[in-house]
Each structure stands twice: as structure tokens, then as C-alpha cells.
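Presented below are the structures under discussion, each in the form of C-alpha cells.
Each of the next two complexes has chain A plus one other chain: chain B in the first, chain C in the second.
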Partner chain A sequence: MMEADVHFELLWPEFLVAGLAFVIFTLDFFLRPERKNILAWVSVIGLAGILAFTIPYLLDENDSLFNGLYRIDDYALFFKVLSMAIGGVVILGSIHYVNRYLTHPGEYYAILLLSVLAMMMMAASGELLTAYLSLELLSFCLYILSGFALQNKKSNEASIKYILLGAFSSGLLLYGIVMLYGAMGTTSFAEMAIFLEGIEDIDGRLLIGLTLLIAGLGFKMAAVPFHMWAPDVYEGAPMPITAYIAVGSKVAAFALVLRLFAEGLLPAIEQWNVLIAGLAALTMLFGNLVALAQTNVKRMLAYSSVGQVGFLLMGVAALSTLSSNGLMVHLVGYSVTNLAVFFAITAFYNVTGKEEIADFAGLASRSPFLAAAITISLFSLAGLPFLAGFVTKFYLFSAAAAEDLLWLAGVAMVASLISLYYYLKVIREMYINPAADGEGSTIQIPGLLYGLVGILVISVILLGVYPDPVVNMIEDATAVILPGGDASTLNLR
Partner chain B sequence: MVGVVNGIDSVLLFTLVATPFFGAIALAFFPADRHVLIHWYSRIIAASGLAIAAYLFITFDTSDDLSKYIVDFEWLPSLGIRFTLGLSGITVPLVLLNAIIFFGGVLISWNVDHRPKDFFIWLMLLVAGVYGVFASRDLFFLFFFYELAVVPMYLLVGVWGSSTDFGTFLRTKEYGAMKVMLVLVAGSVLVWIAILAMWMEAREITGIADFSIAGLSQVEFSDGFQKLYYPFLMIGFGILAGLWPFHTWSPDGHVAAPTAVSMLHAGVLMKLGAFGILAVGMVILPVGSRFWAPTLIGLGTVNVLYGAISAMGQKDLKYVIGYSSVSHMGYVLMGLGTLDILAVDGAVLQMFSHGIMTALFFAMVGVIYQRTHSRDITVLEGLGKRMGITGVFLAVAGLTSLGLPGFSSFVAELLIFIGTYRTYPILGVLAVIGAAITAVYILRMLGKVFFGPIDEDKWKDLTDANRMETGVAVLLTGFLLLWGLYPFRIVEIIDSGVVPIMERFGS
Partner chain C sequence: MELYHVEMLSAALFAIGIYGVLARRNAVMILMSIELVLNAVNINAVAYAAFLDPGRLVGQVITIFVITVAAAEVGLAMAIILRLYRTRATANVDEADSMKW
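Here is the complex of A and B:
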């Protein structure tokens, strides 16, 4: 293809985010230590500006660069917007934590911005190697960020564990890509679909490649049995980074997986959907059952998010227009809710330095706002009404049922019920048990976190009460990766 | 949003559902230490609900077109979800029941001084959920409100409830709260599976994604499908109705809950379950419900006898009433299981009548517990000498419970017995035996607590029910007598709702 055909100008959002990261690196040199907060504000305002520029700039644009390696479409746009929003929220929520517990804020914010760039690229990748490179960029940023608390042994342990297991899974992923390339002679999603449509039977190489690919991606998204790194990394990483790993890395991983499976592997759905459905069932049950036994709130949320990955995988197993919508709707609900709960807990941790579930005793009287925010978020994760979780689960489970996976939806409902028990344990501490002796003082939260958590909680409620606008955006995004479906009504005839 | 609102009656219905919900949100912004203000605010919210419900009930015309109550908005078109509210002859009395018990519950909670703001917020959300279930005409929202009615239970029981000491072991309020919440949500999982299955199957058959009850009831589901999925609805809703052997949450939950919550819980929440079986299960899956009707009526009979026999063995006043609720809900389930118009009418009337009666019971037990800090029948001997008014109303509730003519339960149970005789004579006899056992434990309890010898020293400072509590008791007793002496109007209304459902069974 000729150089002239490549519309580099469509990459402006990516260039701008990368540029912003380097501006932060540079600005860091010129700021006195006590004025480093400026870095965070520049990052957030910069991201907001890029976001405001990107939406009108790329809306309804449909193009692919470098022979289909890189896609510019509404699907990518949706995830770019989501990634930037998540990045902005995490940076805002980090400010107090960074001041209190971390050093080197310049690198912290800049690396966070680079990881946002990686997430944006993952959603836009139209080919396996581009996807792999974006995924590695994200992973490397997260390896560094999870070990950012230099003096904290747990943080160091988390980082090393994450790097070792992450590298191993990257190996699996690469080997899977090699096998798939060997079998199909292409790494482009679109050409893979054409190849798969043209063959009668799936040969061994293809099957091994597919399995390795699923295993490698399973590691990245922490699906059982590839989840072992998650609890330790969640526990050891700095609190805002835990939130970022829980939300951002999953959003990016599913953005990639959904496009890969919808655009590339859909013709072979019979071959992999049983595998994915089994993985989903295992993940949701195991994650939620193990969460029952946790006493540390970060570990509990780690297993809870493993369980959520199971729900999301169900959307992949049932791949259709409806379930792709369901997956994305649930992903949005999951992101907003988890950010709300993590930053409420961060606010608590900033003051008390504690993160055991038992330490939340009496929070309802120490800080009614935090207690209410955590309760609402946990109820949303459990899927109770008026909150995002109810609608998103209902949508996702309906979609699975519509694709003859009612049994899996049933397993998901049971898993959801199990999760309610351990969420209630936290709520019991906050509302029913009194604070331990000498711990009864009120908790003062800085206005910034107050506002941030407040806005996130309101979003959780809004999404639960009136999800239609978000659903409409998602339907547009799905229409790009799964063209045939009638996204507006989804009636069969 | 594309919507339809059909005149003043539908606006009132919407207001009825919305008032406690927005009332709860507004209450969140009240200063937490203004207890008197919070109590009066809650009373006004409850009273306005009662006024609307009473208006809807009184003006309900059985010959009228029900579409005047319809509120309909498009909500999530891609799944076929609409926000639709409506009324029928079955739901009008139940909505009124909820309004009465909410009002009574708020009044009886005059003594709640531990975080009253939070208490009333959760109580209002619970009530909003119940109104919503009765009024919803769309399965998504029915399920939505169903869960909303369950959620507040956890904190209401866990924070404001009370623990029971059995000597050898302790049933804590935390245990009760967790048990209620998990069991009820487990029930809702079964309901959810059935809802999704029906939605999916209807979409395959008609090609239209639709969650509305009216739409789904037009779909010709295959017999096999109906027989497979009806039990999910029957057991899922049945759990909330206290269906044996899934009833164990109910006594534990009632006992641990604070008075107002016990009243709402036994009085209204359990009715949601029976209502679900009737208004969802039997309406959408008639073949399935006919197939499983013998099982339902059989389990209902076990409910009646098992609940009554268990109640005989209890020493704690609230456990007696808790098991008596299990027993009385058995009559409701039996009535539904007969698929006989008379008996189903009776079942719906029994829902209403048992709701009022059990609320009166719990209100009076709450009065006693607040003053004596005990619910142990053996400790509370001879209280009648000090608490005459309480005793009278407890006796009223007791006599209603054992089906004394003149009170509404008599009418309801009579209808159920007749209907059961016509269909399953042997079970009809067993049901009457259940009523006889009821007489045994009720009279034993009344005799012990009110007419035994009193420990003069221990109870010398005991006071009787105050004006507020007496007022609640009079209100509830009034309804028991009203429907007992003049049941024709309410039976006519109920009948107008039951007949269209029963026509589908050809009876």
C-alpha cells in the first residue's frame, strides 16, 4: 500500500497522550518537591482536553491504517474514551496517596499516561502482533507501577511476581500467535476470519495455537486457573494502582479479546466457545468462593474481580451482537463501580493506613459518607437494583441466555449470590459492629476524594436507573465489530 | 423516552410507588439528630401513601377498563424492557395492605431512637419495592422491585433487630439478617432463571424481545417448557412465601427483626411470593401450573400442619407468630394450588387478612417486648392484669388467626376450604385440622401470657400500650372486622382480578 493512503492524522489522540506523558517527565525536572501536585493536574487536564478533542474528531470515522494493523472506528473510540476516563479518575484519586506514601510522582503520572496509551492501542489493534506489542506496553507500565512503593516489601514482591508470571504468560501468548500464524499464514483478524470460513476442519496446530492464545490472555485478565498473580499483586501494589489494575487492565484485555474473537475467530465459534464457557464457569465460581475466606479487603476485591472476569468471559462465550453489548455494558458498570469502591477504600487507607476488613468496623459512624459509598458500590457489584450492577448483569445474563447458555447464566447467578455474602460481611462491619477501642474518631476526607467518590457513586446509580444512553453508544461500537446484527431492536424477525 | 400516562388514576399509582422512594432519598438529606422531625416526616409519607391507596381501592370499579391505571415508558428498547405500572383486582387490595402496614409500622416505631434516619430510609425503600412489585407489569421491573424489597432487610434486621437466647445457643440478629438476605436472594435467582428462560423462549417463538407480562402471557409456550420452568417460579417465589421446606428463614427473620419490620415482613413481604406465583407463574405458564398444582397444594398442606405443630412447641412469642405465619401462608398456597375460582379468591383475601392480622400480632408483641424485654411465654405470665389493652388486641389477632367468624380470616379460610373440598377432599380435611391446631397454640399462648398468675413484684411498674400503639391496633382491628362482617366488596374486587386468570384454566 502506498504511503499516501495512510491517514496518520487519525492517530492524533495517541500522539497527544504520548506527548503528554513526555511533558510530565520533563516538567518533573523543573518543579520543587512540594509543588509536584501540578504534575497530576496537568495530566488530568491534558487527558480531559484530549478526550474532548478525540470524541468529535473520531466519531463515526471508519478507517484502518497500515493494511489493517490498526483500526480507527467507533469500537476503538469507545474504548479510547473509556481508557482516558479511567486514567483521569485514577490520577485524580492518586494525588493524596502519592503525596503520603510514594516518591517520584513525575514518573508515576507519566507511566500511568503511557499505560493509558497502551490501553487505547489495544482496543484499536486489528492484528495479533500489534495487539501483543500494545499489551506488553501496558504490562510493563503496570509492572513498574505495582512496585512503586519502593520501601514496601509487599509492593516489591508484587512487582516481581507480576513480572515473572507476566513474562511467562507473554511467552505463551507469543507461542500461540506463532502457531496460529503457522496454521493460517496471517495475523490479521480479518484475514483469519476469511481463512476460518474457508476450511472444513480445524487442525491440531490451530487448536494448540488457540488454546495457548486463550491461556496467555487468560493470564493477563486473571481468569482461573491463570489468576494466581492477582491477589498478591492487588494486595502489594499501591492502592490506586490496585484500582487501576482491577479496572484498566481488564477493560483493555477485554477490548482486545472481544475484537479478536468477534472479527477474527467468530467463524470457529464451535471450537472455542465450550472452552471459554468452561473457563468462565470455573472463574466465576472459584473467584467468588475463595473471596469468602479473605480477611484483607484488597485480596477480597481481587478475588471478587476474578469472579467478575468469569461473568465477562461468559459474554465472549456467547458471542453475538447482544452479548457483545452485554459484555461492554457490564465492563462499564464494573469499571465505574470498582473505581468507586477502590477510591472510597483509598480515602479510608490514606487516613488510617489499614486495609483489613475488620478495620472497617464502625465506619458508619466514623464517616457516614464513605460507609454509604462502599455499601452502594458493593451492592452494585453484587447486582442489586437501582445500581449499575443490576442492569449490567441483567443485560449480560439475558444475552447469554439468548445464545443457549442459560446454564452458564444460572451458574453466574449462583456465583453472584455467593459474592453477596462476602460483600455483606464488609457492610456488617461498617454498620453493625462498633469501632474497636480507640478507633472511634471521625475520618476526615479531603474534598477532592469526596467529590471523586461522590461522582463515581452517582454514576453507579445513574447507570442503574437510566442506562439507555450508554447502551446506545455500546450498540454503535458493537455494530463495527459484528456488522450483521440489528443492534437497535435485536428482534429475530 | 416514549411513554403513555392515562389520566389521573395512573398518575396516582405512579405517585404511590414513587413517594416512599423519593421520600427516602429526601430523608437522606435531613439532619440525623432531629428525631422528632424525622418521625413526623415518615408518618406524613406513610399517611399520604395510605390516602392514595385507599382512594384507588374505593374508586376501583370492577366493570371499568383497567387501562386507565397504566403508566408506560420505554426504558431499554434493545432488550424489550418497558417501565409499566398497572392495577388489577388482585393488586388493589394488596397495595392497600402495604399502605396500611407501612403506616402502622411507622407509627409503632415511635420508640426507635437509634439512628432513626437510617431506619426510615431503609424502611421506605423496602415499602417502595413492595409497591413496585405489586404494580409492575413488566418482568424486569417486577424483579427489580422484588430485589429492592429484599435488600433493606439486611440492615433493618442487623442493626435494629434483636437476638434470641435459647439457653444452649444464641440466635443473633446478625445471623437472622444474613439468613433472610441470602435465602431470599437465592429464591430470586430461581425466579431470574425462569424470567430469562421465558424471555428467551418467547423471543425464539415470536421473534420479539419482550419482558411484559401481558406479552409473555400471549405466547404459546410448549408443554415441556412450561413443566420445566414453572417449578423455578413456584419455588423461587415460594421461598419468599414461606413454602415448606424453604420456610426456615421466615421464623428466624421475623424474630430477629424490629417490630415495624416484622410487621412488613410477615404482613406484606411474604405475600409478594404468593402474588408472584399467581400473577407471574399461573398467568404466563398455565400448563405448567396445572401440572404442578398438586405439588403446590401438597406442600401447602404440609405448610399448614408443619407450621402449626412447630408453633405449638415454641416458648418465644415471636417464634409462635413466625411459625403461625408459615402455617397461614400454607392456606394461601393451598388456595392457589386448587386452581378453583373460589379458593383463589380466598387465597388473595387470606393474603390481605393474614397481613393485617400478623401485623397486629407483631405490633402487640413489640409493645410487650419493649416494656418487659422478654418474649418468653413462661416468663410473661399473667400480664393481662397490667396490660389490659394489649391483651385485648392480642386476643383479637389470636381469634382472627384461628378463624373466628366475624373476622376476615374466617371468610378467607372458608373460601379456601370449600375450594379445596371441591378439588382435593382429603387435603381439605387436613387443612381444617390445621385450623384446629392453631386454636390449641393460640389459646395456650393467650392463656399463659394474659390469664395466668402474675408476679406482682416483678411487673409492678409495667405500663399498658400508649395511645399511639392503641391507635395502630384499632386501625388494624378495624380492617379485620370490616372484611369479616362485610366481605362482599373486597371479594368482588378480588374476583374481578382472579376470573381472567382462571379463565385460562377453563374453570
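Here is the complex of A and C:
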């Protein structure tokens, strides 16, 4: 049975992140209000320390705890590193925003750290109930954080819409999980794969379970038609949290989905890939088309990220070694680029308190740095060459095309072209339209945000020119969840 | 009593819950409808464990965790609904409509 072989020491990174969160909760009591910035720095330095400890500690480890319920492997490690990096960047980018607009910084940073823990657990879970519990931990943290601007009506409205729809989708997801348990007699991914290999026909219970599972997960990652909460939550939530929801929750959701479908449901790929491909096509077209009509920049980015979910779902529909690599590469490129856009906009919002697209008029003369940063990142999101977005989309689209989903790759191209139009609308405001009367003053950006946005933009360019180190890490990660796949790699040269 | 009967009960509860979420306008009532959905899940989990997977405790463990998570969820949701009530003096979700499309 399972006694004696539980290596709890493999959970050190998780313990440390949880511990760090409680250190922040406690430290909060002992600091005077004007010194609360220390909390942010302790969180960031702590996360950096844990990151530096985790990589050598868990590299090439391949083990599982509690009978395969919780995995320690290179795939989990890759997402642990990515989650901690995203968490650190979001905390750094929040400092000025929190000082200006929010109260209770101690809870803010500690809950952010707990959500990083949840993201780490989502990538590592090898069983449906564990996956559900870590998903809920992440969701709970995000419900609180999106309503963190206590006196702000919009923030409160975002939070209530998020929690009601989130709880509803958890209900669907759970019903799906239990139906799958009833159909297969197990909730472990590995045993699910064995069961699915041994059957010829799919019975009703399995079909209902699979559909509800996909619907529930679709809610969590905001795929059309389950995306209704996303624009409102993005618009209402505090700006750094919007960035975090756009990036963190998507990374974690796809980490979970990719492992579930690759390790558990791959033998039944004919049953679900049409459904996922349809969802992907609908999501990328709808997201990008509705984004055309938006006037609020956060809302526009919300629909743009709904569109990006469509691209990522394409990688799930075409599930293979190639497309799993492509999905993860695109996930990294999407994260870096979106963080760059959002923190450039946060720097703008910290000074002006405005977030309509029209408010960006004349930004090129008010702050050339911000205008350039936003332009480069938006071009990367649209997929222009020499930027992260081009390389990652190239990987993903060619992987889909190689897996007989050429039509879907074609739809994705069209959706990308549409997205270029609304990104250009923002760029036109910044570079061509003059600032409104009385708003021409220069925008002073604090050194911290200057550095953060600068580093993120440089990463966007670096990833576009020289993606090989990241791609190598991703290929190692894919090899764990899809061991049977051929080792062919996609080369750009 | 067959598994079929329990599954039907659970499905009916699930459908009532979904109807409540869609039809009710008070945030607290929506929350209670979601509880119905979660209880449908619990009934199903225990029934499957008893009929199809006897001897193992997977279904029961799922139920215990679902109950726990549901309790936490209600606590959190009530706190957020209270904030809605403080800022707008209503718990009606139709009146929280400052953001559309």
C-alpha cells in the first residue's frame, strides 16, 4: 500500500511558500502603516529565495506522493517556477498601486502568496479531487483580491460577479468530476487513462461527466461561451490584480488542463477533441471581435485575453508532443507580454487615474517610455515578428496544422489579424492623437515600475529573438506528461 | 433501491439548483441554489461509492471535501455580499450593473 514511501521533503517549496504567506500575515501586525512596503519586499525576496532553492532541489526529480495523487516532476517544476516568477512580478508591480489606492497591504500580499501556492499545486496534482481543491484555493484568493478596493463600487461588483459565477462553475465542474468517478471508478489521471484504453464505447455517464468537466474548466479559464465574468472582473478589479487574473489564473488553469488531458483523457481523444476545437474557434473569434468595440483599455485587454484562450485551447485540441510544447511556449510568451502591458498601464493609471483608451491620447509625448513599452507589447500580442508573440504563435499554429487541424490554424490567423486592428487603435491614440486640453503634462514613473516594465519588455524581445533556452525547458516538461510521443522538435531555423 | 433512483434524485436536485441560479435575483438565494448543486454532487459521490466502488472510500472523501469547501465558499460569498449591501444598500444582483459588455 502507500505507507512508508511518502517523501514529504519533496514538498519543501510548497511549505515554504505557505510559510512565507503566514510570515507576511504576522509581520503585518508589527509594522507601522507607513512602513508596510517592507511586506512587499519580504514577499519578493522570499519568493526569489524559494525559487533559487527549488530549481536545483527538484530538477529531474520524478516522484509522486500519496499514490500518484501529487506529482513532483519536471512539468510541475516548470509551472512552479513560472508561478513564482509571475507572483513576484505582480507583487513588485503592485507596490505603488497598493500605497495609492488600497488598504490592508498585509492581507493583499499574503493572499497573493497563497494564490501562488495554489498555482503550484494545480500543476502538480495528478488526481481530480486534488486538482479541484487547488483550483478552489486559487479561485478563493482571486475572489478576495478582485474585491480588494473596498470603497470602490466597481471592484465590489467585480468580486460579486466573480464569486457567484465561480461558485456556479465549481458546481458544474464537481458534478462532472463525480460523474467521471462513477463512470470509471477512479479519479486518478493515470488510472483514468488505463480505463479509457480498455473500453470501446463511451457510455452516457462518461459523456455527461466529460462535458460538464470541460464546461467547468471553460468557466475557470474564460472560454466562450463561459467567459461572461471575465470582462467585468477585469474592469472592476484593482489593476495589478487584473494582470494577475489575466496571467496567473490562465497559466494555472492550462497547467491543470494540459496534464489532465495528456495523462488522463488522451486515449479518448476522438471523443473530446472536436468539442475543444469548436470551443477554441468560437473563443478566438468571439473574443477578438468583441474587443473591437471596447473603449475601456482593461476591458479591451480582457476580450483580447479571451481570444488568447482560444489560441491556447487549440493546443489542447491538437494534443501531441508538438502542440503541448507550442501551448507552453505560447503560455510563457503570453504571460510576459501581458504583464508588460498591464504594468505599463498601471504606471499610467497610478499617475492619472484614467483607463479609457481615449485617455492614452498623446502618451508618446507625455511619456515616450510608456508609449514604446505598450506599443512593443501590443505588437507582441498581435504576433508581429521579432517579438515573443510571433515565435510562440508560430510554434502553436504549426503544431495545430501538423495535427490535422489546419482549418483551426486558419481561423487563428484570421483572429490574429483582427486583433491587430484594435491594438493599433490604442497605438494610434498614443502616437497620432494629441493629448486633451490641460492633460499634456509629463508622466513621472517611479524607478521601480520603470525597471520592471523595462525588464519585461526586454524579455518580450529576447523571447522573440532567442527562445531556445525556454523551449528546451518546455521540451523536458512535455516529455514527462507525454512520454510516448515522438521526440521531434520544432526548429525555427 | 437501485443506483438509478439515487442518480435521478441527484439529477433533479442539480436541475433545481441550476434553475435557482438562473431565476433568482437575490445574491443570497443564488448562493443557496449553488448549495443545492453541491449537495447533488454529494449524493452522487456517496451513491457511486456505495454501489460501484464498495470497500474504497473515494466517494466519501470527495463528499467531505465538498462539504468543507462549500462552507468556506459560503463564508466568503456572504462577506462579499455584505460589501455589496454596504456600498449599494441592496443584495439584488440586477442592481449591480455598472459594467456591461
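Remarks
One rule holds for everything that comes next: the second predicted complex is superposed on the first by the 483 of 493 C-alpha atoms of A that agree within 3 Å, B and C clash if a C-alpha of one lies under 4 Å from a C-alpha of the other, contacts with A are read in each partner's own complex, and residues count from 1 in each chain.
In the analysis below, contacts are C-beta pairs under 8 Å (C-beta built on N, C-alpha and C of every residue); 3 or more make two chains touch, one makes a residue touch a chain.
Computed from a prediction, not measured in an experiment: that's the story for all the values here.
When both complexes are overlaid on chain A, chain B and chain C end up sitting side by side without clashing. The superposed model places chain B and chain C at 140 degrees from each other around the C-alpha centre of chain A, with the value given to the nearest 10. In the overlay built on the shared chain, the residue A:T186 is in contact with chain C alone; chain B does not reach it.
In the superposed pair of complexes, A:R366 makes contact with neither chain B nor chain C. Look at A:R71: by the touch rule set out above, it reaches neither chain B nor chain C. Of the two partner chains, chain C is the only one touched by A:F168; chain B is not.
Once chain A of one complex is fitted onto chain A of the other, the partner contacts of A:K250 are absent, as it touches neither chain B nor chain C.
Applying the stated contact rule after C-alpha superposition, one finds that A:K80 touches neither chain B nor chain C. In the superposition on chain A, A:L406 makes contact with chain B only, while chain C stays out of contact range.
In the superposition on chain A, contact of A:D232 is made with chain C only, not with chain B.
Across the superposed structures, the minimum distance from chain B to chain C, using CA atoms, reads 25 Å. Interface of chain C with chain A (complex): residues 14, 17, 21, 27, 30-31, 34, 37-38, 40-41, 44-45, 48, 52-53, 58-59, 61-62, 65-66, 69, 72-73, 76-77, 80-81, 83-84, 87-88, 93, 96-99, 101.
Chain contact summary for the complex, chain A toward chain C: residues 129, 132-133, 136, 140, 143-144, 147, 150-151, 153-154, 156-161, 163-164, 167-168, 170-172, 174-175, 177-179, 181-182, 185-187, 231-232, 235-236, 290, 293, 299. For chain A in complex with chain B, the residues that touch the partner chain are 322, 325, 368, 379, 384-386, 390-391, 394-395, 397-398, 401-402, 406, 409-410, 413-414, 416-417, 420-421, 424, 427-428, 431-432, 466-468, 471, 475, 487-493. Of all residues in chain B, only 32, 75-80, 129, 140, 143-145, 147-148, 151, 154-155, 158-159, 174, 177-178, 181-182, 185-186, 189, 192-193, 196-197, 199-200, 203-204, 207-209 touch chain A in the complex they form.
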